[in-house]
Amino acid sequence: MSVKSIREALNEAMRDEMRRDPTVIIMGEDVAGGMGAGGEQDAWGGVMGVTKGLMPEFGRERVLDTPISESAFIGAAAGAAMTGLRPIAQLMFVDFFGVCGDQIINQLAKFRYMFGGKAKTPCVIRTLYGAGTRAASQHSQCVYPVFTHFPGLKVVIPSSAYEAKGLMTQAIRDDDPVIFFEHKAMFDETGEVPDEPYTIPFGVANLTREGKDVTVVAIGRMVGFANQAADALAKEGIECTVIDPRTTSPLDSETIIASVRKTGRLVVVDEASPRCGLASDISAIIAEDAFDALKAPIKRVTPPHSPVPFSPVLEDAYVPSVADIQESVRSVMGSGASARVLEGAD
Amino acid sequence: MSVKSIREALNEAMRDEMRRDPTVIIMGEDVAGGMGAGGEQDAWGGVMGVTKGLMPEFGRERVLDTPISESAFIGAAAGAAMTGLRPIAQLMFVDFFGVCGDQIINQLAKFRYMFGGKAKTPCVIRTLYGAGTRAASQHSQCVYPVFTHFPGLKVVIPSSAYEAKGLMTQAIRDDDPVIFFEHKAMFDETGEVPDEPYTIPFGVANLTREGKDVTVVAIGRMVGFANQAADALAKEGIECTVIDPRTTSPLDSETIIASVRKTGRLVVVDEASPRCGLASDISAIIAEDAFDALKAPIKRVTPPHSPVPFSPVLEDAYVPSVADIQESVRSVMGSGASARVLEGAD
Amino acid sequence: MKIDKQRLLDGYRTMRVIREFEERVHKEFMTGQIPGFVHLYAGEEASAAAVCQQLGEYDTVASTHRGHGHSIAKGCDVMGMMKEIYGREGGLCGGKGGSMHIADLDVGMLGANGIVGGGAPLVCGAALTAKTLKTGGLSVAFFGDGAFNQGTTLESMNFARVYDLPVLFVLEDNGYAESTASSWSIGGHDPVRRAEGFGIKGARVDGHDYFAVYRAAEEAVAAIRNGEGPRFIHIEFTRYYGHFEGDAATYKKPGEVQDERRYLDALKFFRARTTGGGMLKAEDLDAIDAEVDTLIDAAVREAKAAPPPALSTLTTDVYLSY
Amino acid sequence: MKIDKQRLLDGYRTMRVIREFEERVHKEFMTGQIPGFVHLYAGEEASAAAVCQQLGEYDTVASTHRGHGHSIAKGCDVMGMMKEIYGREGGLCGGKGGSMHIADLDVGMLGANGIVGGGAPLVCGAALTAKTLKTGGLSVAFFGDGAFNQGTTLESMNFARVYDLPVLFVLEDNGYAESTASSWSIGGHDPVRRAEGFGIKGARVDGHDYFAVYRAAEEAVAAIRNGEGPRFIHIEFTRYYGHFEGDAATYKKPGEVQDERRYLDALKFFRARTTGGGMLKAEDLDAIDAEVDTLIDAAVREAKAAPPPALSTLTTDVYLSY
């Protein structure tokens, strides 16, 4: 056990699995870096340095830099997975899914079903998501609701270094296609992480905090925000349960339902766009399956229905804040109204 | 006023707008047909014959058959819209959005915002959706929740010939990008349609039926199913209000809220996959904004979390049925349990 | 080049199975019992047959919406295929896939594909597996003239080149993508030159000539197995039926289809050449014809008699575990 | 070919504005006040300048993530650009776009683009507008060596060809896509031949030579305006800075960057050639240098002084009406 950043935790998980299993390969743009160039090899290790050091250890046969051809190499990952490898492909930013979506949504996700159970496609697609780095509209989106929508995919969104390693190890060993989301503002966040390999099962939520008044479900980077909000609210005498689903497909709805049955109140915090997002999805499950337990409206804390703006002041106003969460919790407790307007576009 | 099929209604709307406005053009694969071939020209008029007759009237300069290059021609539609045309581009089946998604989601949808309000991109993307024609997993999806999710797009889903013409006319005249969904099993459905051009505004729901007991919101082809269910339920003494939102972005949530405030009960019927779909979206809005009016859990009627199967018996079981809707309505009335299992995948 | 007698008979048999399969599906479709979209391969048999004859156990192919021919040539069970097309229990995909998604990974058939251009990236992956695990295998992407303008196909050609992957790209140019002529849609009008623009050597052959396809495929496969990386073949021929069953193909010139069937027929050419030159005896071919008729007859009969899939299968096979 | 004096001075001025703009942004970025991803065009000036000199009012360009140069050359307001890069009120995009999304439709600049390969399809559309409305305009797609392997770019080349659209494809090959060498990533290693594979005539030029680019662009644009359809230019040069600000570019050979700046500099070449040959006087160029320094200085000063955008603009401009 030692303190590691999310970057280190992910690197370790991939390294250990590559040592353990020779069929695991990595591919993506600049995942090593320096391909064909005369200078430093392994110069990048991916755009965030997460795969740095893997090419020197495993060679260019197992860590493949690719041309900028997402359809070709994400599709190749699918084809490789179908035929005996376990590829970890990096779609650099999830915003780019539009240039290779078919290979994920119609191919990878559906082989097993379309082929009557005959295909097995163990493939991990690692991808960056989220706002907060002034990367503007085409490099800041979440998109995980889209992948959650399509049957056949598993969707993983770790909220800490511990989760990052355990979920990545599981993702690589899993026999189904997994879309693995990494928040670009979180790579330097650290936590205690076991040195040995371990897995965290999919579809098992994590209660990061228990409290009797309100259930707060938060996704990815929002888990940390929700816990900060809960700390502050505790001082006001409001006790929150904070649930991190860790995977949105499968989703551990049982744990959420059980918690709402105790608290009677639900706030869902989701960094994705509000319409047809995860906040709505989880809210609807509760409104259907735990309605009788509800004492208050279900509040969703999300950004507005607009693209992600560039300017820091606008982007900071765009991303759900700790204060937004506090206000929504207070509102379901009957004290104060929610400030966030969901459909603010005009 | 005369009886027209949805096919005819759409054709008429496009024809009239092309007559009215020389900047309206049509492009897509085989929208005329016969390009470069030695036989009949206008041989197809699109895969469903909807644009038949337009090329002979307006010429190949305004009705463009394209190579199978969705990124190029959907992107070209976006670029044309930015520079002064009003293109109607056909993405043959919406399932194919994965090969050109970027041009819709990151380009078309975001220009205006990213460019600080300077761009205007009046562009209609017509596309086929929906199950029921034994077209299997890659030709039967709904996908409209995905487009609804992304800010910057308008999403239109007509449920009748009358709506088809009025909404198409509005879509062509609208200055924002519009994704226009046509259910492939509905083209021969007929109804009374005015012969003159008319528009139906976006974001205004249509109450196809009023009843005091339960509000049923249904999308696209499900509107007809919901009305059939309501007819049958009326005989049992259950009176439904059936709401057709007509557009999912913008969504007329006010009308739905107002109705639920009267009935206290909500069932949402959506042919899209259940996770992060429209049913969840609408349910969450009500659980947040009309919670106090609710007398029962909000029920969602959707297919299971699986790809669309090919075999007729399986596909018929996949698509939400009139009986499924009846059962869900009965269940929110407190009589009988809902049969549909949302997360049926295993 | 000399092709031994047994291989010739095998090649003929494959072409005959494909032809008869498609003719029967065409007939049965008109009775209304076959659901969905069906795209027939009749007229194009020499491509699937002669290319797949170069392949072995560790080799794979990715196909298209027009996938019956490739499936048969790569060794999919004809009975299972017919049941699948009817959407019945015992179908190769349990009735979940249908004509557009026939696949059998056990014989290296990576799937028909409902997405034009869907196959080429997958084939790069299968070739990557072969290269990484040193199986000696190669992978073939069959795709149409329409698909040749799809970005996924073009990217894959570059990807296969830069990684010297063992991939054979087979452009099946039947003159049309739906109703659109390939003589119009392919900018530059010279597919082999386009392939060369990606650094991939190519050849153009008459697809009604089994021998021409065989020779080109043999040469390309030898080069690929020799580690030279990807190759390209442009095969030109015609499809006998409409784009899908139900398409009247009026965009073709009046008489075009009739002429094709009369003058451009790989099976007739094959018979004339092999029996005329004394390579094969007409009786051998007749025997195959009779055997194939029986086989397809039985397949249709069994498919019609098979029950539909169990309703409980609707939600199975979405995941291995969930 | 003879380029008149005023045009030469204009070309130089554009290159000088781009160079100074980028040098200053580089410096200012290091102070931590410029947010986000910034990709600098320094080293590549001749392409934007000499190509855009061929364009007029009705012509349009689509750019890339490395878009400052094209924006300046197509006539975007430098003050508005700098404010945009700082994310301030009065920025060309109201602070919502930033460096990667600078656009000004009023001057025919259809936008930088955060998506590699995003521009080529848009340009086909702009060209379609020109053709349909008979404006006489043409449209230029600038894209990098990395983008040349993206399906969107390749499809667009075919699309422009089959419709004979007035499009100029300009491949800006600076040797790298991020850290990946273009000598590796472009299968076949011959972009002009690849373009020809789509039926598009192309030329290859040294991008450090303003005159070479000018000549190639002039010829291509004349052909396009003559109704001959799309053309292609492969421009080779180097970028002086890392892929984005913050990239140490260690994948380049030691000394590579220093050598580039010393030996491969379009501005130095231009000055040497024009003043050496007596075409221009050194003083004229010096005067431009001084004027440009003042301009960029003022832009940075104003940008820093500008307030951030009003919070109320967060949700405006999503739609025209909603």
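Details
So that you can tell them apart, the chains are marked A, B, C and D in the order they are listed, and the count of residues begins at 1 in each.
Rule of thumb we're sticking to: a contact is a pair of C-beta atoms (placed from the backbone, for glycine too) under 8 Å apart; a residue touches a chain by one contact, two chains touch by 3 or more.
Since this is a predicted model, take the numbers as computed values, not measurements.
Taking the CA centroid of chain D as reference, the farthest chain centroid is that of C.
Once the centre of each chain is set as its mean CA position, chain A and chain B turn out to be 29 Å apart.
Separating the centre of chain B from that of chain C, both taken as means of CA atoms, is a distance of 35 Å.
Measuring from the averaged C-alpha position of chain A to that of chain C gives a distance of 40 Å. Looking at chain B, residues 67, 69, 71-72, 95-96, 98-99, 102-103, 106, 113-114, 136-138, 151-152, 250, 305-307, 309, 345 sit in touch with two or more other chains.
Counting partner chains per residue, chain C has residues 91, 93, 95-97, 101, 113-115, 149-152, 155, 158-159, 162, 184-187, 316, 318-319, 322 touching two or more of them.
In terms of inter-chain touching, the protein chains here all touch one another pairwise. Within the complex formed with chain D, the residues of chain C that make contact are 149-152, 154-155, 157-162, 184-190, 193-200.
Those residues of chain B that touch chain C in the complex are listed here as 29-30, 33-41, 43-44, 47, 65, 67-72, 95-96, 98-99, 133-139, 304-307, 309-314, 317-318, 344-346.
On the side of chain B, the complex with chain A involves touching residues 71, 95-106, 109-110, 113-114, 136-138, 145-146, 148-152, 249-251, 253, 272-273, 275-281, 283-289, 291-292, 294, 296-300, 305-307, 309, 342-343, 345.
Across the complex, chain B is touched by residues 35-37, 87-88, 91, 93, 95-98, 100-101, 113-117, 146-147, 149-152, 176-187, 249-254, 256, 308-309, 311, 313-316, 318-319, 322 of chain C. Listed in rising order, the residues of chain A touching chain C in the complex are 23, 25, 61-62, 64, 66-67, 69, 71-85, 87, 102-103, 106-107, 111-120, 151-152, 154, 174-176, 203, 250.
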